[in-house]
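Heads up, there are several structures right after this.
Shared between the two complexes below is subunit A, which has subunit B as its partner in the first and subunit C in the second.
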Partner chain A sequence: MALDEVKIGGLGASRRRVEDNRFIRGKGNYVDDVVLPGMLYMEILRSPLAHAKINSIDTSAAYAIPGVRMVMTGEMMAARNLAWMPTLSYDTQAVLATDKVRFQGQEVCAVIADDPYIARDGVEAIIVDYEPLPPIVNPEQAMAADAPLIRNDKVGQDNNVIFDWEVGDREGTDRAFAEADKVSEISMHYPRSHPSPIEACGSIADYDRSTSKLTVYMTSQAPHIVRAAVSLVAEIPEHMIRIIAPDLGGGFGNKVPVYPGYVISILASILLEKPVKWIEDKTGNLISTGFGRDVYLKGEMALRNDGKILGVRMHTDSDHGAFFSDAQPSKFKIGLMHSTFACYDVPSAHLTARGVYTNKAPGGVAYRCSFRVTEAMYFQERMVQAAADDLGMDQAEFRRVNLVKDDDFPKRTPFGFLTDSGQYEKCLQIGLDAIGYDDFKKEQEEARKRGRLLGIGISTMTEPLGAGNSREYDILGIKMFDSAELRVHMTGKAILRTGAKTQGQGHETTWAQIVAHELGIPAEDIIVEEGDTDTAPFGMGTYASRSTPVAGAAVSMVSRKIRAKARKIAAHLLEVSDEDIEWELGRFYVRGAQDRGVTIQECAMAAYSNVPDGMEPGLENNAYYDPPNLTWPFACYIATVEVDPETGVWDVLRLVAVDDCGVRINPMIVEGQIMGGLTEAYAMANMQFITFDEDGNCVGSNYMDYLLPTAWETPGFELHEVVTPCPHHPIGAKGIGECATVGGPAAFVNAVMDALKHTGVRNIDMPLLPDRVYEAVQTGNDISGMPPVKTTDE
Partner chain B sequence: MTSLFEEVPVSIDGDIPTTRVEVKVNGERRAAEIEPRLLLAHLLRNGFKLTGTHTGCDTTNCGACTVLLDGEPVKSCTVFAVQANGHEVTTVEGLASSEQLHPVQEGFKDEHGLQCGFCTPGMMLSAVALLNENDNPTEDEVRWALSGNLCRCTGYQNIVKAVIWAGAKMRGEA
Partner chain C sequence: MYPSRFQYEAPTTLAEAIAILAANDDAKVLAGGQSLIPMMKLRFASPATLVDINNIPGLDFHGADADGTYRIGALCRHAHLEKSTTLAEHQPLLASCAPLVADPIVRTRGTFVGSVCHADPQGDWASCMVALDGSITAVGPNGKRSIPVKEFVAGPFTTVLAKDEIAIEGVIAPAKGTRAGGYLKLERRVGDFATAGVAIALDMSGGVVTNAGIGLTGVGAQTVDAADAAAALIGSSLDPDAIEQAATLAAEVSKPRSDHRGSASYKRHIVSTFVTRILGNVQRAEMQVA
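And then the complex of A and B:
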């Protein structure tokens, strides 16, 4: 009898999470929980100004404080060639400022002391003489002819432009616009946001002179990339570096890059020969580490009167802050922005993109998204709604006309990606039925007569998740694949390690489910480890929803290698030839004699005690998986809202989500991911953003100014599912962690804009704060979220 | 603390006054010699090695550091340790006995009320405080009671379910 897969915690089981056993007892092990003997503590002094020359730094008062061991300055870093470090986008970033500061919050000095309170006292005692320079707070200002030069450190950089990039078919798109019945235009800003995991960043560097080994506990979503980077930057041999990412208190892309604090703590540990702990405070995290978004769009769509999209033209200006440190596949300058319109049949499209330096924190991390796809899909869905409105066409019908049909796969997207599967129209229809689309439209009309403003917004999108394949995706030349290593012990229990790094996604639970599915070993008999570069196989880490598409696939493949060997052992035990062996979950048997069989556990025992002649003993293996394509989940999100015209406040009435992420390994966890993503989508639409005043002061530098939704304002979510298996993934799964964050915001914003349709307002930049909505209702004007520029001086 | 193995500084700086505090933590009397500026969160984490209490934001917004002070939820990153002198503190480590989880802990696991786990201890202690006063709360009452605790992973829906599940268990209905 084959095993019941759900009972052994295999594919499709909503298995309760293994990692919860320690988290609910307060026994998680986060970086700040790690204590090493003789450990010192580091605190960073940050620049209060956005742009200023450093005239002098006086550290003597800090050194006078008992317990202060060392004060590190840019000069000290420079003496060791570490004042600047390379970024993930072929730029450089200051570790500690030497010449000038280029954003508020930039690292200027670091104090290492016996305890964290003394370290902070030391920071306060440092005197820095700054000479203010004019700050640049938005791309228009950065591109002005007389703009001050931010990166005067770079040879050959004579303006603030980082890149000009284009992709698509310029001529074909021009032709489409020439033939169009109508051209729909819309401009908007996707505001700067911060992933803001509740746990900020931190590290404990521990250099041991006696062994020459450097061990670093670090809040990293990609510890192997960090090991390579540290090896290259600090010139320490790679085998002498051990990066350990313990439990992470959320990541959302924020913990992908290498930050100055990590580098400084490493040098401090080498110089002092003691472990040095650096734990960033919340303000440090919000004002200096990897942000997301901050892109301005000019979008145009060429339309036929019957609703068919003929072409799309987009131009983006992106604000990267003072250093170009986007974490993204290196060859694409604006991430996967060109995955836009992938779910629609668009004959031709063209995108131009320009990136600029400003006096803001560097970053451009993939904040819960696959490299700028959040902007891509938001722009797409806002453009789609504007186009439907311009044609006077129903927004659901407009989508139906243009969505790629089920039998059109595989299908080239307008910019050349290859989508391979989906049931787009079915998802849309399930969403429309669930929300009661036609009834709501009637209700909306009735309400309007009584002065109430109801709105409905749709967002449909497919996004590319799971970089690589390695042909097209690399970071600084390191190809994007992933790995798994499985060791089955003689009693049939096992340990699995992967190159991914969980940060709340539940890998310890779900990876064991994949092994259970492939081998029939109960999930509870498999432990999963990740994050220690000395023990885990090399991998690119967890972000861009790539764990299940890439590392998860590797888990399947390594399990199949194990099964192939076990089959040979089974043939040996059953004294038949390989070809006469059949497999059912958890057991091999002799073809035609199902009762003559051996379990996988019996094969494991034999692997260590009774292998056939000529076979290596043992039952372990590894697999490196390079996916043939990205995975393409599809989502349809529909929101209904009511806007109060007297206050500009809007409430979510309902949110219906239809997600097709292929086969679901653990439905409970998948739904958890979707709800978390929807909450971040709601946050971005409603309240969460980081902006700057005209002096370059960060507005949103703590949780009193940077608003995150609580349980009280977060709406409830209604989830639905469609399953279209991924044709190339070993178990048919697609990425899911980020779909809702990517597709969600447009549903909320489209709903509010739908409620305001009668006012003639075409766009309000996110977040749709009450004052912005109120002003739009009162004036009938679009509302821009671009940070204001100082106009009075000079 | 024992004096057998404790290393002390070679020279003690006379400018920093210290004071003795005694706190009953999870039912056990504990004492420490501390600087008056030490925060309760840091006494618990660094002094008493109870690292289940997390510090998330330093501004009393996120609630990851929530503990019960004489049964009332407080954010221990904005309570001085000296303010807890002579009082009782319950941390996440005090919720379960060795055999039996607290119903709130069971509920969080069963309803998938956590992902990265960082906000979870504070979230659970706020929930315990609510359920100690009202073991049959409505969804709105749960959402309001937890509105001082931020979670970035779950979207709260499962946290609310977890608390309602725990309430039912405490009433003997689950």
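And then the complex of A and C:
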């Protein structure tokens, strides 16, 4: 009489998202919805210039406005040793500028006032005397011999280089190239983009002098890390800090870092002894907070004539902006860039990476990916297409030759990651069958004869998701595990808390499904809570698709601890020994007498009313989970497009996605994640980037210039699946939130490049805006999107 | 949004509205607010007084007079035009433009006349009005006057309206023959400003062009009147030579900027391509009728 798992909302149930009950009614509770008694409002004055010395700041006119309570300057912060703060990449970042401004949008002053209108009036009244300095907007300028020094604040920093780093087997790779029949090359820029959550960042700091406790409502994907950071930076004891991340309107990596606005609002609250609310506007979010990508990728591939890849060389020049504040937890300078070519059998590879400062916003974040994996997979799949073309080989066939075979696992990737499972060829084949690959190739040929340009692009990849293990991944020394705490009440209802933080992923729905799977308690009987550091167990938060691989595993493990205790209670209730108890979903029974049993709910009641002698009462526990490895979901995305050669406009005809994220907890949510990811992938390929002009002005500072695709231009997606359970995850699940964003862009770009193959063009940098495509068609030249963008009258 | 402080007035008659405008310096008329409010939000515009005309009756209309003169009132929303069969019947250019204006949210609230008054070189309706040689009717303390659109715009974001005048309608003269034409716009995404846009209005008689106008969007400091290109079409039956000449002249008169939407030469190429495409569509439709 085991329960029907899907009926109780367990694994595989496409259960409706419980959080949507409040979201679709407008009852979500975001930071900006929180109002505290006596609350003041803060607004930030941002630098209009990309690079300039600050000669003086005059705040007197702002102070003269009735309702302005305080104007904070870098000098005030410096007096409290808070003008600079540490970054997640062991650099420093200005909180409020003291000496000079280093990017357009940098925080210069903050006004705290009785209402947000007055705060903005105050900001307008501040007079700053700037002395412009030459701005740097790309790595080439940053590395020029006569380049102005951006970080003159740092002792010993005499140029704009942040790091020179390498990984892989240099000699082995050199040997591979020496033996190659052919060497293929490609150069690309993955442009700067922005995660752009619909809710921008914000905080309400509330310091209570009477209790010495600091409470901060904050848009954070990782509230516990913020608590630790605030404790270290502000020297407030950790138990006196409570970070509450309420409902978040998206994060996509943007809400991982600690931003100056948070720190300033905290100090303002301490100084004024009032709650201080800071809510960033869209422009503030786009021009100052964590961006994604902005890296120049150069690659070479050593090939044998039969299509076998012998080796890969890669070089990256990454643009980190004015402060090295990449939000990434690995020991590797360029994140997981070296996860590239993980799904291919490549005997040797070598990567060199150089990072530089520029006069652009800092804060590289993993925009819907594990850090730099998006760039890694884009590089990989563009390189693969170029190599296949150079060999005159079919795109699909070239991949088949080089993909890792199903019985080769576990398999070391060329840079030493360990992949543990996969069915790559099957995944590719499902995609090719779904799109009708051979038929399309014929259609393409026919269309070409009539002057129509059709193209097909493939992207196959596996990516490492779900940091960590704790051996290799930490944030400021804190290991990358995660946690869950489960309390089963006497009536068999339960509350689950985790150290992750949902921001749209649907944890309130899916975590309950894992508990339902493990304990047979219906999902609707379980409430899920996250984001309050006073109540949630310590965890590292939600990003890098780590929730299901790490916190989700902890949910399984804590449920199993509960089940183990319930088993003892069941034995007691059934008056048999533990060894004679069997489990079926939702129920223990006596071996050999299946009708003699007790439900998990009966065990819960007994835990509070009738425990065996010597057992402590209650039915609650917690679990901390340190994953043995990353999870390796894989995917195949295939796009077909038509390019209008007269305008350069391209339309997506079809997009087929085949994803393997192991066991699917909630198939509907998985599909939603894939569609969302594909939409962002399409955006990056088609329209989305933040660029800069020669003066360092940000082009992309609002939603007229930074384009988010609407339902109108977003193509339809056709989804398929392969299920290869993750061998080390308790329920066989893998990360999925980011696969489509990571693997998707190359499918679209490869399709457009395929349509233009006859022109000899090898690369157009994203986004493939119509003018770039048109120019490529006309000239037959590669098109680079490197800033600065030139704005000129003729 | 946190604009600068402003006085808000909501008169219920035109006379009252005009009096408020006359009495206040730095007052702006609020109709749909789809350009003004975002500018106030960013504090690019900080008018001291807003005169909301939405409570004034009799301005929400559009339609043809008995003689074919077409009038669009100051409170007629883009969405009304988009869904109108009357408009499609009389004004094919406007009907083809309506669904391309901004995005569905803006179209629900924004107004045709407000868009023309905003005098943004990126405005779609202004190009249509230039192509149609339309006019704006304004009322002030001394009564009504009619201002041809080609004289209405004094420069980017500036019109010849006096501070105490309100534009109450857009007016389009009757066709000499059958009205044809169309609007094409290249935009990176729905709601984006045009990379380039082309509005063509034609009056056709027996397959021959009797009257023509071409307005260009986003390729100059203000809406471009491609008068020479239009003149090249008059008397033609839209043969390939006439089309090519018009396309070339329209591209030549464009003065686009090179920016993140594309180079000047690309935008000119788009103008030429779109002129060719619109005229080709009209020519094919004429062939079918014949």
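Here is the rule we use: the second predicted complex is superposed on the first by the 787 of 794 C-alpha atoms of A that agree within 3 Å, B and C clash if a C-alpha of one lies under 4 Å from a C-alpha of the other, contacts with A are read in each partner's own complex, and residues count from 1 in each chain.
We take it that a contact is a pair of C-beta atoms (placed from the backbone, for glycine too) under 8 Å apart; a residue touches a chain by one contact, two chains touch by 3 or more.
What you see is a predicted model; the values in this text were computed from it and never measured.
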| item | value |
| --- | --- |
| First, second, both or neither for A:774, with subunit B first and subunit C second | second |
| Which of subunit B and subunit C A:184 touches, first, second, both or neither | neither |
| Between subunit B and subunit C, more extensive residue contact with subunit A | B |
| A:646 touches, of subunit B and subunit C: first, second, both or neither? | second |
| First, second, both or neither for A:545, with subunit B first and subunit C second | neither |
| Contacts of A:704 with subunit B and subunit C, given as first, second, both or neither | both |
| Touched partner set for A:124, first subunit B, second subunit C, both or neither | second |
| First, second, both or neither for A:789, with subunit B first and subunit C second | second |
| Partner chain in contact with A:687 - subunit B first, subunit C second, else both or neither | second |
| Subunit B versus subunit C as contact partner of A:254, first or second or both or neither | neither |
| Touching both subunit C and subunit B, counted on subunit A across the two superposed complexes | 116-117, 283, 702, 704, 708, 710, 712 |
| Subunit B-facing residues of subunit A, complex | 16-17, 19-28, 30, 32-33, 35, 66-67, 116-117, 196-200, 247-252, 281-283, 503-506, 668-669, 671-672, 675-680, 702-704, 708, 710-712, 714, 716-717 |
| Subunit A contact footprint on subunit B (complex, rising order) | 11, 13, 35, 37-38, 42, 45, 49-59, 61-62, 64, 91-93, 95-96, 101, 105, 108-110, 112, 114-121, 124, 142-144, 146-160 |
| Residues of subunit C touching subunit A in the complex | 2-5, 42-43, 103, 186, 188-193, 195, 255-264, 266, 269-270, 273 |
| For the subunit A and subunit C complex, residues of the former touching the latter | 43, 116-117, 119-121, 124, 283, 646-649, 687, 691, 699, 702, 704-705, 707-710, 712-713, 769-771, 774-775, 789-794 |
